[in-house]
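The following pair of complexes shares a single chain, chain A, combined with chain B in the former and chain C in the latter.
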Partner chain A sequence: MRVFYFLLIFSALILAATLMIQNFTQDPTRQLKVMKDMSFFAMSIFCTIFAIVATANLIPKDIEDRTLYTILAKPVPRFEYLFGKYLGSMLVIFVSVTVMTILLSAFLYLRQEALLSDLQEYMQVAEQEAEQAPGAIENEGLDLARVEASSLRAQGPSWSLLAAVVAISLQAMVLGAITLCVSTFASSGLFTVVVAFVVFFVGYIEPVVVDSWRSSTEGISGFSNLLISAVGVVFPNFQSFNLVDGIVAGETLPSGWLGRITGLAVSYIAAYLVAGYLFFADKEL
Partner chain B sequence: MEPAVDIQDLTKVFKLPSLKREQVVAVKNLSLQVAPGEIYGLIGPNGSGKSTTMKVLLGLISATEGSTAIFGQDSRKVGSRAEVGFLPENPYFYKFLSGQETLHFYGRLGGLSKKEISERSKELLALVDLEHARDRRLSGYSKGMLQRIGLAQALIQRPRLVVLDEPTAGVDPAGSRKIRDLILKLREEEISVILSSHLLEQVQEVCDRVGIIFNGKLCREGPMEELMAIEDQTEILLDKAPAELVEKVTALVAEHEGASLIRSGHPRTTLERLFLEETSGDSPDTRS
Partner chain C sequence: MTSKRWLAVLLLIVFGAVRMPFEQRIEAGLKAAHFREGVTVPDDSMREQLGQLGAAAALGGFRSFLATMFELQATTAYANKDYEKVSKHYLLATQLHPREAGYWEMAGWMMGFNAVAYYLGEETEGKYSTAMRVNLARKSVDEALRFLENGLRYVPNDYGINRNLGNLLVRKKGDFCGAAEAFGRAADSMDGPSLAQRHHVYNLAYCPGQEEEAYSKLKALGKFFKGGPNPLPDERIPPAFLFHIRYFEKLFDIPAEDRFKSLLDLGALYEKLRRNFEVGQQYEKRHVLNMQRLEDVLGIPKSNRIPFGKKSLRPLQGGAN
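Let's look at the complex of A and B:
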């Protein structure tokens, strides 16, 4: 039910952004960029929070309510239970992300069409004036309008939006696996949530901090290198999933990006789920 | 024939999370067997090890020493649970599910097909008298209804053994009687039952054999009739006996050396029977 409320808020957010953006900028391309930025930000926030908070209480609640006893008293292996809980949580994220993507694409398309329509009207008038009184200035204005129209179409709904959605979804799946792993041994849901957010934060800033440190320090010791490598292994590099900024700016994605982030996500999901199972397999209920 | 439950020398030690490395011995060298089709009562005070024994049997916790088997299969194996239904003490189920959906959920966990679940759930909802509430969410169920739907989910995959931990805890006398009657029906279907309860009169009514557990040890065990009999006393119940006959019997006892009359008077009904007579309109036999 709460997910449904968030989706409603998300729709309202995009609608409000659509209506308010024109008050802040008259540049049509910029308007669409800001819309996409705000929507992806909201999507990312929702997926991050849901992946952590909703997953953190899945197992502890079942233990507290003794529902877990009736489930594991059936011929259900513990790894199936764990994996099933994870998949269920991720399914909610998948459906929510799909709905949000459809809503974003719809609003983006409607706004794009409205802006293109205004531009078309201007271009028609400019063409008529250019025919009646051909001159360099009129032609230059027409050319600019044509470039603007092309830029507008590039900012509308496109397959590159899916790249951002995939990246956000994979990040949420990794976070969900980490949270589930921690919840198998944590003593409270709050502890699980805090640890998961810490892992997310460390994984996000670690590459930036390490690069900055490496560039400012001459000669790093072997031990420090080992430590940095260990941190890099345990804490996923969440910067790898940060494709939104580039996509909104219209940059070309690096080749093989999908395989790389999917491979990274699958590796970490598998590692954390296996670790979670090892903790859960011998847990006294 | 292999026993339904075979527990041999079970010991369970819990290590407490403290710096002193304290540990609690919850169960110590416990051995018991439940024959197929038998209702076995495991009774004891709080903290005596009843629930621990049941949880080890169900693989929810592991034994420190000893072995547990269900119909000859090591109970640590997941496959052994295909033969078992379990109703824990004060269970909660997913409250957003209806009664029908709950049975469907547990039926799928038990490996039943959709068709089997559909047929079986109709049967069980009728058995536990919850057909009228099949589509109601469990959040709207009373305590007694929750216990009955819990019993239904325990029976969904037709187990040969049912484990009941305090099946009537917190349930009113009418609901408690319904659950008792359901347990007796399980015996008719030759389903083995192992149950724990603090309601000793109910244990007395339904169980074939009883084990008394105290401080983790099984201190007394045996068939109900044998355990309950006070061997050096005899009970004779008379129906519509006139006062003169009672006097003659009393005099006869007095003549005999070594025998003495302990008590004479009208037998007592139970508070439960009295309650049910007043509240349900039933007239159960007041004679024990």
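Let's look at the complex of A and C:
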């Protein structure tokens, strides 16, 4: 039910972004970009928070409600229980992301069509004016309109937008698996939430800091290098799933890269679920 | 800790070691595809402006969103005519999202034209001395140039950045060669004929040492006007094109039969334009040069020409004031 409220907020946010941005800029391409930025921001926030908070409370809540004992008293292997809980949580994310993607694509398409139709009208008037003006086979207004029309088409709903949505979802699924793994040995739900958020931020920031450190002119000593590698081994690299910024800027993801990133996410999920099971298998209930 | 727990820890460590080279390859591929432009540890000044939360958000995959927020703030600052803030916010937006051409283009336009119009306009009269207003305007133009030139490092073929750079160089710097290059790049980024192509040729026509290239491109433009299924009638031939091509035909002593055919009366055009010129008024360098070129083409004697002097140029026209 709370997810449903969030989806309502999400729709209101896109609508508000659409209306608000018209007061700020007349540039049609920027209007669509702001819509995408705000929607992806909301989508990322929702997926991250939901993946952590909802997954962190799965086991503690079942223990508190004593449901866990009822389930495990039946012939249900612990891995199945764990995997089932994970899948249930991810299903909610999947359904929400699908709804958000449909909403975003619909809003984007409608706005894009409206803007393109305005541009078309403008071009017709400019062409008529050009026919009467001296030497105006080419015309500044028409140049701008042509450039605008092509960038407007690039900013509408596209397969690359879907790649960004997939990347956000994969990141949430990895984060969910890590959170579930932590919750199998954590003493409280709050501890799990805090650890998961720390892992998320370190996992995002560490690769950038290391990259900038390694490319600095001073270089780094052997010991520091070892330390950095150790941090890299322990913490997941969430930058690998960061495609949204590039896609919103119109970059093209090389073919096959989404497959590689999906493969990486699947291996993360498998590793953390198996590790979670190993922790959970020995948990005294 | 039991053996299963040790096994879990070992599994995560082995997985961490195995995945790292794969992740490094993904990172290198994304960098090569420009997905990592602007992803860097913010320097002190940027961190100060972003705040700790903003800096974390910038690193945490929200650069595009933050850049949009800064652009909105720049737009608000523009509405309040606070151009220092406009520049500051656009600087952050461009640093966060350098492959987004629109930020560079708008920053260049805001600082190169809007800020200059504000500093040299009536609103700042009495508020600052004339020298200070010109100085502020000159600084704004330099800032705009920095924005546009830096933008070209990330998106070299963008129409908007090149067009704004061309306009800025010719209108605020009097740099015709630089403007010709910028308009040339803008024209190359478009399919088919464009006004940017015409601007490229007109600016090239004032670029010393490029006379032959300019004449050859003017001839090509002439073929475009007169050729094709719908040739332009004489009255629709752009006057600027005509006096430029006439100038080079005269310069290179082109035989009459090879000259561009047009019955358009440049003398009448000159008389019409001359009526608008007033002694004591200031003009852009390109307008002064256009009039002088028309006078050259028409062979108007020196005594009858418009008496342009150094003071006839507006501020910021290539250091002529």
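General remarks:
Keep in mind that, in the parts below, the second predicted complex is superposed on the first by the 267 of 285 C-alpha atoms of A that agree within 3 Å, B and C clash if a C-alpha of one lies under 4 Å from a C-alpha of the other, contacts with A are read in each partner's own complex, and residues count from 1 in each chain.
In this section, a contact is a pair of C-beta atoms (placed from the backbone, for glycine too) under 8 Å apart; a residue touches a chain by one contact, two chains touch by 3 or more.
Remember, it's a predicted structure, so these values are computed and weren't measured experimentally.
The superposition on chain A brings chain B alongside chain C with room for both.
One of chain B and chain C touches more residues of chain A, and that partner is C. Using the contact criterion defined above for the overlaid structures, shared-chain residue A:282 touches chain B and also reaches chain C. Centres of mass aside, this uses C-alpha centres: at chain A, the angle toward chain B and chain C in the superposed model is 170 degrees, to the nearest 10. Shared-chain residue A:239: touches chain C; no touch with chain B. In the overlay built on the shared chain, the residue A:70 is in contact with chain B alone; chain C does not reach it. Touch criterion met: A:257 reaches chain C, while chain B stays clear of it. Superposition on the common chain places the nearest Cα atoms of chain B and chain C 12 Å from each other. Comparing which residues of chain A touch chain B with which touch chain C, the overlap comprises 282. Residues 2, 4-5, 7-9, 11-13, 15-17, 19-20, 22-23, 26-27, 29-30, 33-41, 56, 59-65, 67-68, 71-72, 75-76, 97, 99-100, 102, 106, 159-160, 163, 190, 193-198, 224-225, 232, 235-239, 241 of chain C touch chain A in their complex. Remark: chain A residues 24-25, 27, 29-30, 33-34, 37-38, 40-41, 44, 133-140, 142-143, 146-147, 185, 201, 204-205, 207-209, 211-212, 229, 232-234, 237-240, 242-246, 248-254, 257, 260-261, 264, 267-268, 271-272, 274-276, 278-279, 281-282 touch chain C in the complex. If you check the complex, the residues on chain A that touch chain B are 65-67, 69-77, 282, 284-285. Chain contact summary for the complex, chain B toward chain A: residues 14, 55, 58-62, 78-79, 81-82, 84-94, 106, 109-111, 150, 153-154, 157, 163.
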